[in-house]
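Got some structures for you, see below.
Next come two complexes, and both contain chain A; in the first it sits with chain B, in the second with chain C.
This part shows the complex of A and B:
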């Protein structure tokens, strides 16, 4: 059975792009439109990988990333950040939250800044899923 | 000058000698003649101040001598020496202008009195002459001073950079300087002393001035006002003007008004607004770049999906990708249009149109988009608005922007328990504006967001907004002399109201 990859992005255009890339590489795509829907899908479907946008209405990627990294059941699920926001801005907001909430959330090991060529995205997925 | 030289004329030598002696001892200088003819000769050569002459002499008598002397110089004093009861001669002498009479035999006292009287007359006449001469000089000087001053004032008025127009108490133009001629486009020749306030000014300005004159009892200035002057040759000149009502001893004597041409200032103001706007666009290139990047992402993703569709002969994929591309092409179009609208000066294009119909069109346009989002759009139209004179483009684009924003506010709302609704309402307000209200119960805005709402390139929508929408809308509304108002509360939603000046369409057929 092919591996399940969840795309969490509010942009319809981005979702259809990533879904196509996944299908072309024999993964099974799942989609969610925002952070809240994303968390529901993760808990229900237990995907093998999450491709996560940062800026979204209703539960941003910043929050969902934090939730997953601080949840025992979810922290093992690999995440690819896939966003228009610069890494620096993302780390800054995580650091601010670290200080506010205490503790330290690890930095994402794969952070892709849109726009991304399909090959680049595939390479990142393969790196995580083998 | 004192009258000191006296000519004595008598055919009796002894009398001449006695009188001369007596007068010389009183300090006079005397001349003697023994006949009328001789007297006249001496008078001509010596020009004495006073002549004392006997009336009865052989040859030229005293009356004849008197007449001749008066003919030569009417100002000379002639004293006539007469016998008793010679009334006829006395009257004739008076008619000829004799100054006094003394009776024979001549007594020193009466001669002295007559001489004193003659001297006093001469003195008065001289004084009078002096005064008259002085007065003439003074009048000439004063006239010159007045001429100089009025000339100076005339030059002042003429050279003023303000247009100066003054009216007399009958509202006739009495002062009209070259700058006034330039602003009003009428020559001074055609205006001064010919036109009245109603001929020169617009009815509106004329009325203001006339009312002012009625109210003000004292000389009074009123605040500077602005208006547009339509010149004779069809130019429109924006002016700033003020006026004084002139009173003299409590009576209304006229008004004077000053106009300043604001064309240049208005042009500079416009230029400034324009350059600020361009600067704002420039400043926010990064915000713009972000938006363009999102479009690029869409286009790249879309073309990849299309490629896959072609390669795999998968129509579904092809359609999905193509939709993405089209959507992003539209985004480029919208952005370009917004940028152009924002950076360019645009005059509204007024025509007869039905605001309610336009709102309907806009709602139809967004309906497809909204359908998938579970948001209800309701309408509440005031049909009394009917047909108006307005720019349909302004209404269409403003409403589209506000309704799109309202949809986004509902989509962004984290409270999913809400039944989201957008209410679009039209109505007439009490200040003769027709109004559009777009009210949503979406996420609302906090104070900071609200403050930056009309700033260029500020977007609360992350990369999905150009940051131009409300800016363009407010610019369009401003150009239409309208206002835009905002009410919002975080979590409860927002209401935007556009108010445009109401002008009923002229539906009368042109036949």
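This part shows the complex of A and C:
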């Protein structure tokens, strides 16, 4: 059975790009348009991997990332951050939120800054899912 | 009421990062989430004879906006804030209302329309149209004077002009939510000259004294809530006097209640809130009243 990969991104062009890459590589794509819809899908579908944008309406990827990493049921789901927001800013945001909210959330181990070539995305997915 | 989520509507020319920056003091009033909205007007990408729909232009405009938003969002993310963005080809007011419905912001920030009076009379200005249809407070942002300087601390010294209406009472409750942001608020009431028509100076003074007493009570109420407040009674034509007071006390913005009734009437007679929002050199925070009047 194909592994399920959830793409959470508000940009339809990006969703189409990632879905195409996933289908070509025999993964089962799922899509969500924002952080809130993304969380609903994650809880319902329990995907094997989440490809997550940061700057989105109705709940950013930062909020969803933190939610997943602090939820015992979701923390093990691997995440690939896939965004136009620079890694440096993402890490600073996590540091600020760690200080503000307490607790420390681990850094994402794969962070891809848009745009990327299909091969780079596939390599990242395979690294996580094998 | 706390301002947790802010919708920042920008065309970039009139409302930029410096304006957003001046709003960040609202973090002390609970601000934690900023939503950016850029509406690309349809006529910029509409079908043109000989060239069809300008898809390339749409992509260019959207990507230009996206690059700006990413830059702004990075700054806000780094402060630990939550950020979202919408870039849509649409009509301005319906799109703002759609996003308001999806996001439920506590405040909408929009730049002043530069349309002329005649155009407003027929079409209704964007701001008034928004006030009429949204139930959310609206901050009409202005670059101060002609030199495009943005006030650094928008809530440092606001001026609230009250006409003792129910909307004014609602506005007071809203203002209390800014207690950690406001340095000192000036509260004013403008007595219309017609109310002072008496041959007896004693009677005129009685009017002033009564209004001053009401303002004192209001200031006491705000000071009990932790906000320094100073009362002022003015006499004359409200729009002119409010602008005058704003200049005299070097206020950072003007706060006004704005009823739907006034918004409906404004097409015919002009409302004070609408006129000030349109014409004043100061940023204006408009608090809508109940819609079922």
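Definition applied: the second predicted complex is superposed on the first by the 130 of 130 C-alpha atoms of A that agree within 3 Å, B and C clash if a C-alpha of one lies under 4 Å from a C-alpha of the other, contacts with A are read in each partner's own complex, and residues count from 1 in each chain.
Simple rule for what comes next: contacts are C-beta pairs under 8 Å (C-beta built on N, C-alpha and C of every residue); 3 or more make two chains touch, one makes a residue touch a chain.
Computed from a prediction, not measured in an experiment: that's the story for all the values here.
J.: Overlaying on chain A: chain B and chain C, fit or clash?
T.: With chain A as the common anchor, chain B and chain C collide in the superposed model.
J.: In the overlay, answer first, second, both or neither for which of chain B and chain C A:100 touches.
T.: Once the two structures are laid over each other on A, A:100 reaches chain C alone.
J.: First (chain B), second (chain C), both or neither: which does A:22 touch?
T.: neither
J.: Looking at A:14, would you say it contacts chain B, chain C, both, or neither? Reply first, second, both or neither.
T.: first
J.: So in the superposed three-chain picture, is A:92 touching just chain B, just chain C, both, or none of them (first/second/both/neither)?
T.: The second partner, chain C, only.
J.: Quick one: classify A:115 as touching chain B (first), chain C (second), both or neither.
T.: first
J.: Taking the superposition on A as described, I'd like to know which of chain B and chain C A:58 touches: first, second, both or neither.
T.: Both partners, chain B and chain C.
J.: So in the superposed three-chain picture, is A:84 touching just chain B, just chain C, both, or none of them (first/second/both/neither)?
T.: both
J.: Take the contacts of chain A with chain B and those with chain C, and give the residues found in both.
T.: In the superposed arrangement, which is not itself an observed complex, chain A uses residues 55, 57-59, 84 for both chain B and chain C.
J.: Under the touch definition given earlier, write down the residues of chain A that touch chain C in their complex.
T.: Result: residues 10, 34, 54-60, 62-63, 84-86, 89-90, 92-93, 96-97, 99-100 of chain A touch chain C.
J.: Considering the complex alone, what residue numbers of chain B touch chain A?
T.: Against chain A, chain B makes touches at 290, 293-294, 296-298, 300-302, 304-305, 308, 317, 320-321, 324, 327-328, 411-414, 416, 462-464.
J.: Can you list the residues on chain C that touch chain A in the complex?
T.: Contacts found on chain C: 35, 66, 69-70, 73-75, 77-80, 82-86, 99, 102-103.
J.: Could you list, by residue number, the parts of chain A that touch chain B in their complex?
T.: The contact residues of chain A facing chain B are 11-14, 16-18, 20-21, 23-24, 36, 55, 57-59, 84, 114-115, 117-118.
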